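Letters A, B and C mark the chains as written, and numbering starts fresh at 1 in each.
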Amino acid sequence: MALDRRDLRGRKLDIFLQLTLNGLAVGCIYGLVALGFVLIYKATELVNFAQGDLLMLGAFVAYMAVVWWGLDYWLSFLIAVLAVAAFGALLDRFLLRRVIGQPQFAVVMLTIGLGAIFRTFASVTWGSEIYTLPTPFGGVTQIAGVTLSHQYLSIIVGTLILCGALYGFFNHTRLGVAMQATSQNQLAAYYMGIPVKLIFSLIWAISAGVATVAGVLLAPVTLIDINMGLAVALKAFAAAVLGGFGSIPGALAGGIVIGLIELYAGATLPNGFKDTAPYIVLLIMLVVRPQGLFGTFSRKKV
Amino acid sequence: MTFFEADNLSIHFGGIRAVDGVSFRITQGEVFTIIGPNGAGKTTIFNLVSRFYDPTDGRLVFEDNDITRVPAHRIAALGIARTFQNIELFEHATLLQNLLLARHAHKKSGFFSELLFLPAVRRFEVEHREAVEKVIDFLDLQQYRDSLIVNLPYGVRKVAELARALCTGPKLLLLDEPSSGLNVEETEDMAFWIQDIKNLLGVTVLMVEHDMKLVSAVSDRVLALNYGRPLALGTPQEVQGHPEVISAYLGG
Amino acid sequence: MRFLFKTSYEQDTRLFRDRIDASWYVLLAVAVLILPAVLPAYYVGETTWVFIYAIGGVSLMVLVGYTGLVSLGHAAFLGIGAYAHAFFLEHDVPWVLSAAMAILITTACGLVVGLPALRMTGIYLAIATLAFAVIVQEVFTRWESVTHGLSGMAVPKATIFGISFESERAFYYLCLFLFVLTLWLTRNLLRAPTGRAWIAIRDSEIAAQSMGVNLAIYKSIAFAYSAGLMGLAGVLFAHKIAYLAPDIFTILLSIQFLLLVIVGGLGSLHGAVFGAIFVALLPPLIAILRDSIPASFADLAAASGVSLLGSIGEGIGNFLRKPGVEAGIFGLILVLVIVLEPLGMYGRWVKLRIFFSTFPMYKRATFKRQRSYMKSERLR
């Protein structure tokens, strides 16, 4: 039985759409973590390399709430976000504040060290195996002959809701505007009576919370284990740089681009390109346009 | 020979004309000062001469050579040195290292001879050190030789900035607000040093300054700028008496 | 208190400040030279790791500590040096030629990475080096004709001009010699205009340019020299580890080297050595403690009759046995060093030395900074 050409094209379209959905979902996760990077970087010029490990902690806390304590999924989600957000704020208040004035590179290494500590902590507290998080998103939907997995859809929808909420927060609430001001000019913010140090802790809290959301959304797809944050963080970092490391929409856009490249490359190119294709694209981008997609070049005024 | 000439120099940043059609000549051995309100384009002119910016229009000529497109790192070897308004010293190095760095333009050793630290390199190091010690002597910086810049007070840093510029062995020295942040006594010292630089060292000075007392004391000629355009050019007395300069800048 | 009498400018260009300093180093040299005769082969082997890590540490210190260019993927150069050397040895190239070519290849790769890096600053450079490292690791896996891919590549023992360096002791002296050579060459560069140019680039690129420093050239030299040193470390690393595989040269290894320079003390050659001692000796130390702590706590419990001590010892032993604990301990020490002693091990060493030399007039305020401000690195 020969295959109808329309059949083949339809099959290819189906695969293409699946890949795109998958890539979008993965890209959203990268975008969320990249968003966390950019939030902290814009405010404090620090890159928080523990972002991925905060994601991992968030996933584990949710797992603990659902599987160990038997709580409802949504309640556990909320608990995880609040707990890790609070943890992020405490990190800033007690650790990061003490290292102000040191070269940026040293503080980046600090976050790398923290990440390693988090991983060991997770290993000791929850165990070093692979765990599953039960979610209410099982099943698939069929639209126009394309199979859409609910898990992936949940990631995309969740990201959209979160980004919408953040947009509203940063642009339309006093606290959010205060945060923007602090990011742009610390000294001026102090003069305006904005509690800058508290704002920094809040920014860390939001960053950690966003990472947790990403972690809980990602958990059903990749399953939970100690190292789930590492791989994500590396790609998310690339995403943030691709987007220009200074803008929030850029971070999200960068994440989606990286996610899509990863999926398309994995399907079409020979083995091994799945992981390196995003980095190759990144390198090309940095050579052609060193400031990223949406970034700007600042020149020191002497 | 034209010692230094800026010919119709202009630079536009987007829609802003930071420097617009500025022309002046400097003769060798004089002290030439640029004055004007903040934002008039004075430091921008310095950045153009140091080649950190490319002019949109106009030419720069130094010792009969067109230097309009010379890369920034070649300027020191040509004989032009500058100080920075906000002090760009190398914070985590000692004063001595800062000054020795200024001799970089006169470097005679190659990478491989430095790698093996051949006797020739050692000899050059001593030569550079001797040149630097002359400047240390001139500006009385002996006690700060081995101090890290981060540990030095502001007044000393200003002098160190000047010392570093002098160590490059310049023919033309650009001083960007040499007296800013200095008290009365330190400003007087600065005035004497500028005169010594002119008379004893034979270095031509191009200066940006706000302190009119200092300007009158040391300058041979003054150029007043406003909004990137020249207002008046002449002796300090002529410019200070010019009605437009008074209304735009000096007041009273 | 000791006073340094300076009688000539030439004195400041010397390697050691005065006779007394030099004599301390001579003592150290003697100790290091007789070490293999005194300690059993296992410890000699561990000390060899210190030398290899130290060469890598100096490499990274030159790039990060002195020139201010952060590289997150330096393990890639280690791998390139190691694999290139192993490949040449497999094709019966004499050792010296093989090592030289491996170092040259690594240096060339350093230049290749350095060139686009000239246009990038800070974060962007770091991520570019990271991307480079990921891609190189993939190349190691895929280029099977050279690297044998995932099945790995055995590396024969070093045989130079017919002399076999197979024994731990012989290899120790080889690594020691190359380590000292590295220190000497790098120290030469650092006390010459090149080293000063590097510091200038780190502290203020704009001022460096007005002093006549060609940024492109000196950044390229920094990358090339750093990569070359890492290539040398790779050559020795290949012999030491005896079996190469792509999953050795990971980002985590790069981070280990960065940890080395920070814990050791950023900005000094001594820091690289201190850091190497720390990074090379901590894992074997943990391995020893894993067994000795439960054992000694058990003895203590038996002797004192407090059985709680025994359980504590058991608990610590179990904790140390968990997978990934080593990374966590490294992380903890890294955090503690950055928060409590930002100048690193060498900084603490200097403070101790000053304490003893100025006793009893030591003032803690000597090292206390009044205020710290965050310096923006977005604009350099």
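The working rule: contacts are C-beta pairs under 8 Å (C-beta built on N, C-alpha and C of every residue); 3 or more make two chains touch, one makes a residue touch a chain.
What you are looking at is a predicted structure, and each value in this text was computed from that prediction instead of being measured.
Participant: What chain lies closest to the overall centre, CA atoms only?
Facilitator: C
Participant: Comparing the two chain pairs, does A-C have more C-beta contacts than B-C, or is it the other way round?
Facilitator: Higher contact count goes to A-C.
Participant: Please tell me the distance, in whole Å, between the geometric centres of chain A and chain B computed from their C-alpha atoms.
Facilitator: Centres of chain A and chain B (C-alpha means) sit 49 Å apart.
Participant: Using mean CA coordinates as chain centres, what's the chain B-chain C distance in Å?
Facilitator: A distance of 41 Å separates the two centres.
Participant: Please work out the Cα centroid separation of chain A and chain C, and write it as a whole number of Å.
Facilitator: Distance between chain centres, rounded to whole Å: 32 Å.
Participant: Residues of chain C that contact two or more other chains, please.
Facilitator: Counting only residues that touch two or more other chains, chain C contributes 206.
Participant: Which parts of chain A, given as residue numbers and ranges, touch two or more other chains?
Facilitator: 302
Participant: Can you tell me which residues of chain B touch two or more of the remaining chains?
Facilitator: As it turns out, chain B has residues touching two or more other chains at 52, 84, 88.
Participant: Taking the complex as given, what residues does chain C use to touch chain A?
Facilitator: Contacts found on chain C: 64, 70, 116, 119-124, 127-128, 130-132, 134-135, 138, 141-142, 206, 251, 255, 258-259, 262, 266, 319, 322-325, 327-335, 338-339, 342, 369, 371-380.
Participant: Looking at the complex, which residues from chain C come into contact with chain B?
Facilitator: 9-10, 12-13, 185, 188-189, 191-194, 196-197, 199-200, 202-204, 206-215, 221, 267
Participant: Flag every residue of chain B that touches chain C in the complex, lowest number first.
Facilitator: 50, 52, 72-77, 81-82, 84, 88-93, 97, 100-105, 107, 109, 111, 114-117, 121-122, 125-126, 129-130, 133, 164, 168
Participant: Which residues of chain A touch chain C once you look at their complex with the stated criterion?
Facilitator: Touch list, chain A to chain C: 41, 44-45, 47, 95, 98-110, 112-117, 119-121, 123-124, 128, 186, 226, 234, 237-238, 241, 245, 272, 275-276, 279-280, 282-283, 286-287, 290-292, 298-302.
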